[in-house]
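Shared chain: chain A. Partners: chain B in the first complex, chain C in the second.
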Partner chain A sequence: MENYNEIKINFEKFITTFKTDVNDLEFRKKSFANFISKGFPVSRDENWKYSPLVQDLKKFSQLNYKKSGANILPNALMENFEHYSIIFADGVLILTDSNDAGLVIKKNNSFLKSVKKAGENPILNLNNAFADQGYLIEVSSNISLTKPIVIYNYYSKNFLSNFCSSKNFILLNEKSNVVVYEKTIYDSSIEYLITSNTEIFLAKGSKLKKYDLNCNNKHSTIFNFVKANLDENSELEYFTFSENINSCRDESIINLNGKNCFADVNAIQLLSNNCDHEIKLQINHNEEHTRSSQFVKSALYDSANAIFQGKIFVDSKAQKTDGYQLSKALLLSDNVKFFAKPELEIYADDVKCSHGSSSGSVDEESIFYLRSRGISKEDAKMMMINGFLGEVIEKITEDKFKNIFFKKLSHNYNDD
Partner chain B sequence: MSNGQEFIKNYKQGSDYAHGFVTDIETIDVPKGLSKEVVHFISKQKKEPQWMLNWRLKAFDRLQSMKEPDWQKPKYPKINYQDLYYYSAPKSLTDQPKSLDDIDPEIRKTYEKLGIPLLEQKKLAGIAVDAVFDSVSVATTFKDKLNEIGVIFCSISEATREHPELVQKYLGSVIPMSDHFFATLNSAVFTDGSFVYIPPGVRCPMELSTYFRINASNTGQFERTLIIADKGSYVSYLEGCTAPMRDENQLHAANVELVALDDAEIKYSTVQNWYPGDKEGNGGIYNFVTKRGACRGKNSKISWTQVETGSAITWKYPSCILQGDNSQGEFYSVAITNNYQKADTGTKMIHLGKNTRSKIISKGISAGHADNTYRGLVSIHPKATGAKNYTQCDSLLVGNKCGAHTIPYIENKNSTSEIEHEATTSKISDDQLFYCRQRGLNQEESVSLIVNGFCKEVLQQLPMEFAVEAQKLVGISLEGSVG
Partner chain C sequence: MIDIKNLRASVDDKEILKGLNLKIGKGEVHAIMGPNGSGKSTLSYVLSGKEGYNVSGEIQFNKKNLLELNAEERAREGIFLAFQYPIEIPGVFTNNFLRTSLNSVRKANGKVELNAIDFLKIIKEKAKELNIGEEMLLRPLNVGFSGGEKKRNEILQMSLLEPSFVVMDETDSGLDIDALKIVSNGVNSLRDPERSFLIITHYQRLLNYIKPDFVHVLSEGKIVKTGDWKLALDLEDQGYGQFIN
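This part shows the complex of A and B:
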């Protein structure tokens, strides 16, 4: 068993400076004790088998918590369309409150709300112990927001501490409708640990579209956790674009708790250099007539490493489930690695569940076809990769965001 | 009536487990428990050379520091290894039978009941059989004929005495002595099993077959099979198993090693029908088997076919290590679980050589309160240029109290390789049932027909003799699960 003495000291220091109520304090202490009892995850643990974090977390013998850094978002990073904004700069929340009826955006002070099942996940326990920042978004019943909400996460060069944790809530009341775009930019050169824990509640008939863009992380170790609970007739569209992200685990658990709810989860991993990115996705079908779809594509250059672990769980009462999962990877260099573990765990008989996974290189015949039409080899390859990844972006239902991500894709190739 | 049909008939009449009888014969047991003395005793009984005893003792020592794995899906109560017998042999076999006529009539009766063509006179369609009763190999048929062409087919104990150079060279070369807990346990206390050596360029003219039976109670069966196919040879090997009905769970932890050299091919088929326990899930065999084949040579091929219908818990992953360039691995599996049976089975395909290919077809059928898991690994190493894998695993659920799970691990470290994996889960549709019923089949016949269709791709891979049996077994295993 490793010695977490320094982290214990860090925690003691944190709880003396962080002002909170008794219940919350108890919860934090319990979470921390849970973390200490298991320690950082090891690759022997089935849940962390391929995770890049297993190695990278060893770097953190202490978790220095200090509010510091830029506190400001460079203007160039701001989106130029109309939107509500939530800004995290170096882990500190800068809020733009909304005045619109039906929308509440505020600092999340009720950290306790997510006490429910911290479970076995050691990093989630760590997040529960240390989380001190976070936003809360609540949309009232029958409101369809016309402007999207944009969440900016910015880590600047001035960031001094090596650890930050946030805990967020998105709550959609009945028949509400909203688009959330979350953008994370890493500019720091310090090795730090970022954990975020977002809980999403979708009430009856509500609809959330969440698009995430994560770019260029070289130094930090990241654990993003999203848990979504869907009630009757609600819909979640969740798209993640991870470009050159190193040492990161994106973990999501989606609970389909009401009849006729639908989760559509799509992701792109576009990795080069020595990037190491993991997607872990679990969809729990807990009720009859629920549907889910997972579609993940990875394009890997240089010595990148991608991991996809997707799971469809079907409870014995979740008859008439329709679960679908597809993961495809393009291996574009000799040194890349791709690991996949597409899992099915099914306890109901009247279901339609399938998964597929394939990995390989660019089809030489298609390249030949393009070249015979006068396109250079490089361009032909780019077109192929573009088309390959574009298929996932096509699934985005908001045109504005579809274009943003397509632009992102082509921009990427121009850089090469 | 062929033996296969008789076997099915018996099965049906008994309506439960037809092989559940106990043969009343005197046996010699070693004292209970796992100890150095027991290892010495087994080795002495087998009249083994010193090197073999040393090998066992080394495994025994390693075992002391090993833990039982616990990552599998089916959990089981802790096995008390000190409460098991590690050796049990019919007394009349202590003096090895000189000829087939010397075999204890009681044992012969048992095998007759099982439908095993033990006596050469019967000459069932030219299958050579090595029958293993508890811990001792009873008889090997067709020995002379095989000897003529240089094929060695005998019990592993005999091989350690007669062909030590081959055993020493290959034993433990595919499954290292301390690979994991059960493999190490087997290495220390393995009792008997088959040994096959096919010389270069020989195509084995008949199917080789082993029949395993656990008779004594509280005994673990630890057999060890080693098959070596030398350059350019071919062999097809069949394995079948049964056990009496008992309330307690019995452990079966076998090791099977296959080695295929250049251009050689081994086809290994299993119909596993150990006692599955009763309808409430009491008793039954724990089938924790390690099966692994190494395609050492260029263009070699190993093909595993398994029909798993028995055992309380089936936990095994017949694997292929594709070392030689252009070598091929295949895995065809049907796993049927009913009542409280549990299966966690699949395969590992390790691609090391260039242009290696593998194919996995797995069909899981789950009924009653059973849990059926496919777990498989496809790993393509950096040097396996041009490697290809195709995996298909389908699950069928009968009833809503059972579970079907698919856990594939895919590791691709070579950009010129291709891996494809697909899996589906479904149930027997009402339309299909209606169609069959309309044509005059009853509910159970309909289910059996549909399930057989579902498994067809795998059953086709079985040698003829087995295919007929297996098809019927598929239907029988599901009896009582519908309606």
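This part shows the complex of A and C:
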């Protein structure tokens, strides 16, 4: 058993300074006790068997929680299209509460009830214990926001802590629509642990498009946990672009609770060097006539490591479920590793579920075809990889963001 | 234009081209006919620089030793292969591919690269001539194209790159008569005293539309008979048997 004394001291310190209500305080203490009783995840645990975090978390037995560093986001990092912004600078939320034409964005110190269940997930327990002030987004019924919301997670060169956690909520009331773009900027070069938990509630007929850009982290270890609950006729379009992420687990649980709701989950892993990125996704079809699609592509260079574990769970009452999953990896060096573990757990009989996974290198015949048209070998390879990943970006239904991610992709190659 | 001497090509231990000789002058159209497996596609690949063959012999192209150039360098020198089976490349859009290709060739030849607008003007016009809809150019390269669309797309690339030596590998196979006419018109409009063609075909049919100056019979990796376009008619009548063994 590891020695968690340092973490305990830190938790005591945190809990005496953080302002929250008595119930939350109790829940945080309970979560911390749960965490301590099990400690960091170990590879014996089936849920963590393939996770890079099992090794990397060992670096953080001395979690040092303190507020520090930047308290602004440099202007140059702001997106130049019109948007509502939510900024975390070195883990500290910078936000002026706003209440504008059906949109509420505010700082939030308390947990919603849905979170407060004793959990099995050790890092989620840690997040429950330590989560600092987060945001809450609420969109009123029948409101379709024209401007997207951009969430900036910025880690500056002055970041001093080695640990930060946040817990956030996105609530869409009936028939509302919003686009949320979340990007993370890592300028710090120290080793730190980030845990985040975003809880999403989609009421009847609402639609959330969430696009995440997570790239170029140097030494941080990251645990992102997203839970989404979808009511009747609601839709979640969720895209994540993970590029050169050193050590990260992106875990999501999506509950399809109402008829005719749809979760469309798409992801790109573009990794080089020793990068290690894990996607763990569980989609629960809890009601009949629900649909889900998972489409993941990975391009791996050098000695990068990518993991995709996607599960489709179909409850016995979820007849007429339509569940789809496809993951494909391009292995661009002999030293990369790609691990895919598709899982189907189906208790209804009238369902349509499929999954597939493949991995391989760039097709030589295609390369020759492009070269025979005067395109250099390097450019041909780049076009192929670009095209391979671009198929995921094609699924984005907002042109503005489709372009942002396509630019990101071509920019990436110009760097090489 | 091109002078091939004692060309041998093998894969692993299997020799496919076994000492092939062929000389094609400027502006000439040559046809190569031959049974399945005689090495026609291999010849087209070896000419266009595909890797994976063990090649010996000589290929002189405009005073250059072609065997020293890789595939993209040959394309930039003016060699073009219309593939028997054009490759489908998901995620790579036809338009972008065509512009990248044209600009790579232009750049290598000291010409300015075309911007998207100028390129679009050119490509639209050429596509129209070949009865290629603009929506086809917005689709991923060859993905979901019919056999005829794929072949027309090959001719489009040819007319865009304006090569000086064109190898066409069974461009006629799988085409109905209308598509065959479109493709042949495309080729005939590119015939030029400065441009030579090597047309590989299985059937005499195509040669009714594109009349060759010479016809060669390829058998077991060698040219075994050469004649004028009437040779194609003989072959159609009597088969290849007479030239083999």
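Worth pointing out:
Criterion: the second predicted complex is superposed on the first by the 406 of 416 C-alpha atoms of A that agree within 3 Å, B and C clash if a C-alpha of one lies under 4 Å from a C-alpha of the other, contacts with A are read in each partner's own complex, and residues count from 1 in each chain.
Going forward, a contact is a pair of C-beta atoms (placed from the backbone, for glycine too) under 8 Å apart; a residue touches a chain by one contact, two chains touch by 3 or more.
Predicted model only: the values in this text are computed from it and were never measured.
In the three-chain model built by superposing on chain A, chain B fits alongside chain C with no clash.
Contacts of A:G102 after superposition: neither chain B nor chain C is touched.
Note on chain A: of its two partners chain C and chain B, the one contacting more of its residues is B. In the superposed model, A:G39 lies in contact with neither chain B nor chain C. Within the superposed three-chain model, A:G390 lies in touch with chain C and out of touch with chain B [touch as defined at top]. Contact with chain C, but none with chain B, is seen for A:Y369 once the two complexes are overlaid on the shared chain.
When the two structures are aligned on the shared chain, A:K377 is found in touch with chain C, with no touch to chain B.
The gap separating chain B from chain C in the superposed three-chain model is 16 Å, by closest C-alpha atoms. Of all residues in chain B, those touching chain A in their complex are 71, 382, 395, 397-427. Residues 48-51, 70-72, 74-76, 80-81, 83, 86-87, 89-93, 97, 100-102, 104-105, 108, 140, 157, 161 of chain C touch chain A in their complex.
On chain A, the positions that touch chain B within their shared complex are 46, 316, 319, 329, 331-361. Residue ranges on chain A touching chain C, taken from their complex, read 363, 365-366, 368-377, 379-380, 383-384, 386-391, 394.
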